[in-house]
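Two complexes follow with subunit A in common, the first pairing it with subunit B and the second with subunit C.
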Partner chain A sequence: MNSGIVMQAQGLTRYFGSRKVVDQLTMDVPRGSVFAFLGRNGSGKTTTIRMLLGLTEPTRGSSTVLGHDSRHLPPEVIARIGYMSESHSMYEWMTVRQCGAYQARFYPRWNAKVFDSIVGHFHLDLRAKAGDLSRGERAGLSLAMTLAPEPELLILDDPAIGLDPVARRSLLESMIYITRDSDRTIFFSSHLLDDVERVADHIAILDRSVLRVLCSVDSLRSSVRQFTLHYAGPEALPPKLPTLRGLLRVRRSATDLWLTVAAPDDATQRELRLLGAATIEEVPVGLNDAVIGYLGDRGEHGFFLDGIPVPAAARGAA
Partner chain B sequence: MSDNAMPGPPGIGMFGAIVRKELRERVKVTFVCLVIVVAGQFISLGFQYMMSLAGVAIGESPFPFTFFTLTSALSGLLIGRAQIVHENRGDRWGFLALRPVRRSTLFLGKALAGVLLYCVATGVPLAFATAWMAAPGHRPWPWDPRMALPGVADMLCGLVYYFAAMLVGMREARWYGSRFLPLGAAIACSGVVLYVSHFWQALVVVAIGAAVVGLAAAATVIGGGRYEPLSRQGRMALGLTVMPGLTLVGTLAVGIISLTVFSRVPALDGFRSTGYAIAGDGSIVQRVLVQRFFPASRQVVAVNDLQGHAIERYQDSVARTKLTAGVISTPAVSLHPEAPSTLESFGSGYRGTYDLFVQLTSLPPAPSEDSWYFVRRVGLIAAYENRSARLLGWMGPDGFSAGESLPSHRFEGPLRPSAEAFYAQPVLAFPSAVYRVDLRQRTIRNVFAPAPGEIVLGAVTSGDSTAAMAAYGPRAKFDVIATTRNVHVQSADGTSELSAVRDSNTTAYGTVTVSRALLAPGAPTFFWYSSSDRPFINGEQGTAAGHITEFGDGNTIVAQVPIPRDTVPTATDKVSAQDVFTASTISVTWRAALQVYFRLSGRRTVSPRNWPRSDVVGWIVSTIASLVAAALTFLLARLFAFERNRRLLWTALGFVLGPLGALLMLSLIDWPVRETCPACGRKRVVTRARCEHCDAPFLPPALDGTEIFEPAML
Partner chain C sequence: MPLTISIQTGSTVSIYRQIIEQVCAAALAGRLREDEPLPSVRGLAEQLVINPNTVSRAYGELVREGVIEARPGRGMFVSRRRQIYSAPERARRMEQAVTSLVSEGFLLGFTPEQIIEEVASRTKAHAPSKAIRSNPKGGSR
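== the complex of A and B ==
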């Protein structure tokens, strides 16, 4: 294995019944990266993470973590991995202190100071039972239990879901704290694109179980462009767009078309010119728009509530 | 876990931490189990108390342990289930499994804690109940530490339920499908533990059951619940665990279908058999019986002479019902008391008390306030007061002595077995003496002493029925004593009435029954020797070849009649749809194995040349069933692209196990989805990297032009 790669997936595929939830996923996660793993709900992110960790058997394909087959990770390798699930699982009858004490038994590099600091930061009462904690507090405790073993590879499955802004900020700061050591890798899934933009340096996007993006964040930013096509009048706008290579998203106004396109090249420019616009303006897009281009429906779609008639009472009031 | 527990040195105490966590986490369910077991003990002890007040024998098995069979199994199920179902899915499983410890260690930690909790929930009540019953004055019968063994066996058997529940909880199978099947292994274990005679056999059964089901549970927990990741041993253990459940469910299904679909099949209308009897007129006749099961009935439909010719006067059904009127018979006396008999084993074995003590319910019956037991260990009869459970005293050959001190003079040698399940006769036979006891009067009388060199084999009485005495006179009441040389018939006061040397050609017979036809001219006496001393054994009852010696006036031998072997109840030669259906569920190898077993165990088997048609059809149908099952397993294995050896294995299992093999395959395997291969157009399994037909690899997902991949990351 390349020592610069901490996780590797090769043709990773998983079916649930006859439904394919991950389709031939192949990727490498570089050591020292903060790797954002994005996709809509149900796109296969959690299943992929679970396969990488050996918690779910892949239907086909293979993966390695820290150089070891995911299906047979030895304890000494697991000791180098920190995993925080989206539900922040823990034994609810244990107190915060007991959770730490219990977890410490398993990890040779348990750092009690890290645990205490995070627990203190989240203002957790050491005598409080885990089952009585709020979602944010549970996230704090879960984070403390995940970070205290000083993991070499941190895998976070949508850790910020349901957290208030303060807890979210604390989580982000913790992730930044982890990356003080350049050898440490964070692999996380999230729906919060601002957080992704703030900390991630690499990104992968799953679109309906298929990997569409695997690159650095900068590459994604530079590769996704928005083209604004100005037309002389509404009648000049093409009623229906032809198939354009790399087209992610289309918006339309009376005289303009905004096209979000992935990896445009000269051929793309030629295709755009054929659309008969008076002018074509190319602008870069932010990471948010780029990612949403991938996560939303491809091509041109009206607002999904368009076409629903306004109730008569509402018309009267207006 | 203490609230002040501080992190210890990493790596040390990891296993202990798992065990402590499990112990703490399952306290509630353990308490529930404890309550269930204690409640069961209370109910059964109360029931037992009420029975003892009525002087009812405790019978084959002490009752607390019978309830305990159920409550210990339930406890095993509850604790095993609780330990798995809360942690076996999703993120909770990730939280448990993704820690730097081997999954086998995790399982062992869980199992150790679970077994400890199970032992607390069941062992503590068992120990208390045992100690309470052992204390004098609590129960009106003798106590022996071996009486605790059934409880210990049941408690250990509960461990099989514990592992089966873990397996059921963890296994990824449909709840309405094969998920519950591992419980069949535990139920089968319980059945065998209840059936076997010796405690060590029960221990072996439990050890094997716990090892197999435990291994299947361990492998399934380690493998995350699916079949494919299991080791070879794990797969074998899971297969062995699922098989008894499939057999139980299959048998139940076959039974229900037989009862519903085939309930009007003629085969169930009756099985015809023949037997022999002494008629009221002193003649020996052949009876033709028809036995029906739905509803159960047994009816004499014809009476023939020994050549099989119908006897005119018994054409009338009313005459047939009075066929044996006036014939008084004793129960069979065993001529080989040292040989094990079904009768003897009825209450014997480690679950019964027959080997420890025998309850005497001799006629005339003892007062219901008292219970009497022959205690084998001390060779004396103990008397208890039922209400107070107080030991009243002991009876030896010299009579009854009140108080707890044991009389010095004891019965010599083993008590010869009785013909009844409980010793309900007043005649007690020992090798060197025969006694008549009167428990109401608390008296005992020596009524027979064998001649030098003669040993008593058994003694029975024709009964103390006053109705029979009134109808037929004093000759209706007689005792029979069989010795190594003679058969003695004597009156209740010990006066000899008939003493005959056992026929030299009767030494091979196992029992002798003495009958008197009191309404026949001269009221002849018959000695009926039978080859079997196992009158309760299934299928052999009444099938023995026999020999009857008839004594007339002056005790002279009037006749010696060999009795042919009775015919076994057999179905008619007509082959029914039910026969075909039943045969189709059994593999031909199973049939063959049964034949071999019957031969090895010395049972009578019919030569294939003489098989009835139903047997021939049965073998043919079973052979077809095996071949169909083998073909089905082969096709399934090919359809789902099994490796060659695996395909052969399942085909062989299909043939050997028949339909059970096919069902086993369907129950165990994680059946993968099949998709159309774009290269060859045939269906291929999705678990293989390449198409099993054309070797084409799976194509990567189609590109839509939006892909942004950095080559270095692929």
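== the complex of A and C ==
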């Protein structure tokens, strides 16, 4: 695999008014990777993508795409990028066939076979008007229009949003198809962690405008751990936890604490033992747990400021 | 019988690990014949709808463990010298089995002594002539 970098952000920051939407984001996207860009709604994913593509000016910082400054991408570089926005904007009055023919005129490398095969994969009628398509069909047409120019960098902003399971699977299959050429890079945002687990090899997590994870999917999985601390009775539970390095998330029941911890080491183990639990058990973590550990409400910051809100269910059980 | 691999997302076992475990299990149980190729990296990735790099890394690990081998121009095949798991893999599997045995025992209300006694009587009954040596040094047939 080529070891180059296709996209690079350096201290990328954007304010909308006084609100900081993206906060000093620095990252490299390796060539040939399938890169998942995760974060809750409003965490700054779309703004980041728009800054990378030069569609939104950063307040501070800079970025490059395919070696060119995002703010001045030459047309021939833009032609090498396939971008699918959340909205799938297209001319509503054109038929599926006309959309393809129209788009083809802008791209010298347009591959009609790719267009037809994706349109076929999504079972689209070539004579149907774009405006009459369902959400999933629109996504299929949009994908066909994005992939037919054979882009070497594919940027998909939440491509699976609103898709039914069949259309979603077609989307994934199309993404796997793209990786036939190992030099191609896919950068996509998503909320669907099962899909991410299937196709992504790199992962970045934005939490409230700040990049908190940037690594391979495997290293995320192996560095996040969960521990169950079991206590003799409700009175034995510490009302408030002391500082614990790397603590991501805490949940509690009447007699248990469940801690999600990033990269625990021997010192963490010692700290855990000081919490006075009768037993401490490490439980295996799936990708979902690891990601939710970073995105959940009771992250490190929220916890220290607010203490641990006891869930209603646990209160009932106590 | 051809090899069927199926994967589950959302599991605590990664897709990479699931592939390795299923190929190992099929090889050990003799469900993979020596003259039968494994699915190609591309083929399996498209069949399971997963990243081909994951399949390729899993196959790489299986080759290192000696479970499968590449025959140039023909694909991946189960190794001629039938291999047992690598030492760390054996340790991991043993730990898994013992953990589940012990917790099940406690759940059913047995004391530690009773559990140990059960295991001891069972191991005596089974007593193999000698323990299986692990990869990469040995391997037995």
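The working rule: the second predicted complex is superposed on the first by the 295 of 318 C-alpha atoms of A that agree within 3 Å, B and C clash if a C-alpha of one lies under 4 Å from a C-alpha of the other, contacts with A are read in each partner's own complex, and residues count from 1 in each chain.
By definition in this document, a residue touches a chain if its C-beta (ideal position, glycine included) is under 8 Å from a C-beta of that chain, and two chains touch if they have at least 3 such contacts.
Remember, predicted model here, so these are calculated numbers, not experimental data.
In the superposed model, A:W110 makes contact with subunit B only, not with subunit C. Set against each other, subunit B and subunit C touch different numbers of residues in subunit A, with B touching more. Of the two partner chains placed by the overlay, only subunit C lies in contact with A:A200; subunit B stays clear of it. Within the superposed three-chain model, A:G67 lies out of touch with both subunit B and subunit C [touch as defined at top].
In the superposition on chain A, contact is made by A:G286 with subunit C only, not with subunit B. In the superposed model, A:D23 makes contact with subunit B only, not with subunit C.
Touch criterion met: A:E173 reaches subunit C, while subunit B stays clear of it.
Of the two partner chains placed around the shared chain by superposition, neither subunit B nor subunit C is touched by A:G131. Looking at subunit A, you'll find no residue that touches subunit B in one structure and subunit C in the other. On the subunit A side of its complex with subunit B, the touching residues are 11, 13, 15, 17-18, 23-24, 26-30, 50, 53-57, 59-61, 71, 75-76, 78-79, 81, 83, 85-87, 89-91, 93-95, 97-98, 100-110, 112, 127, 202, 210-216, 219-220, 223-224, 245-248, 262-263, 294, 298.
Put simply, subunit B touches subunit A in their complex at residues 1, 3-8, 10-14, 16-17, 21, 24-25, 90-95, 97-102, 224, 226, 228-229, 672-673, 686-689, 698, 700-701, 704-710, 712-714. On the subunit A side of its complex with subunit C, the touching residues are 34, 169, 172-173, 176-177, 179-180, 193-194, 197-201, 218, 221, 284-288.
Against subunit A, the residues of subunit C that register as touching in their complex are 9-16, 42, 45-46, 48-54.
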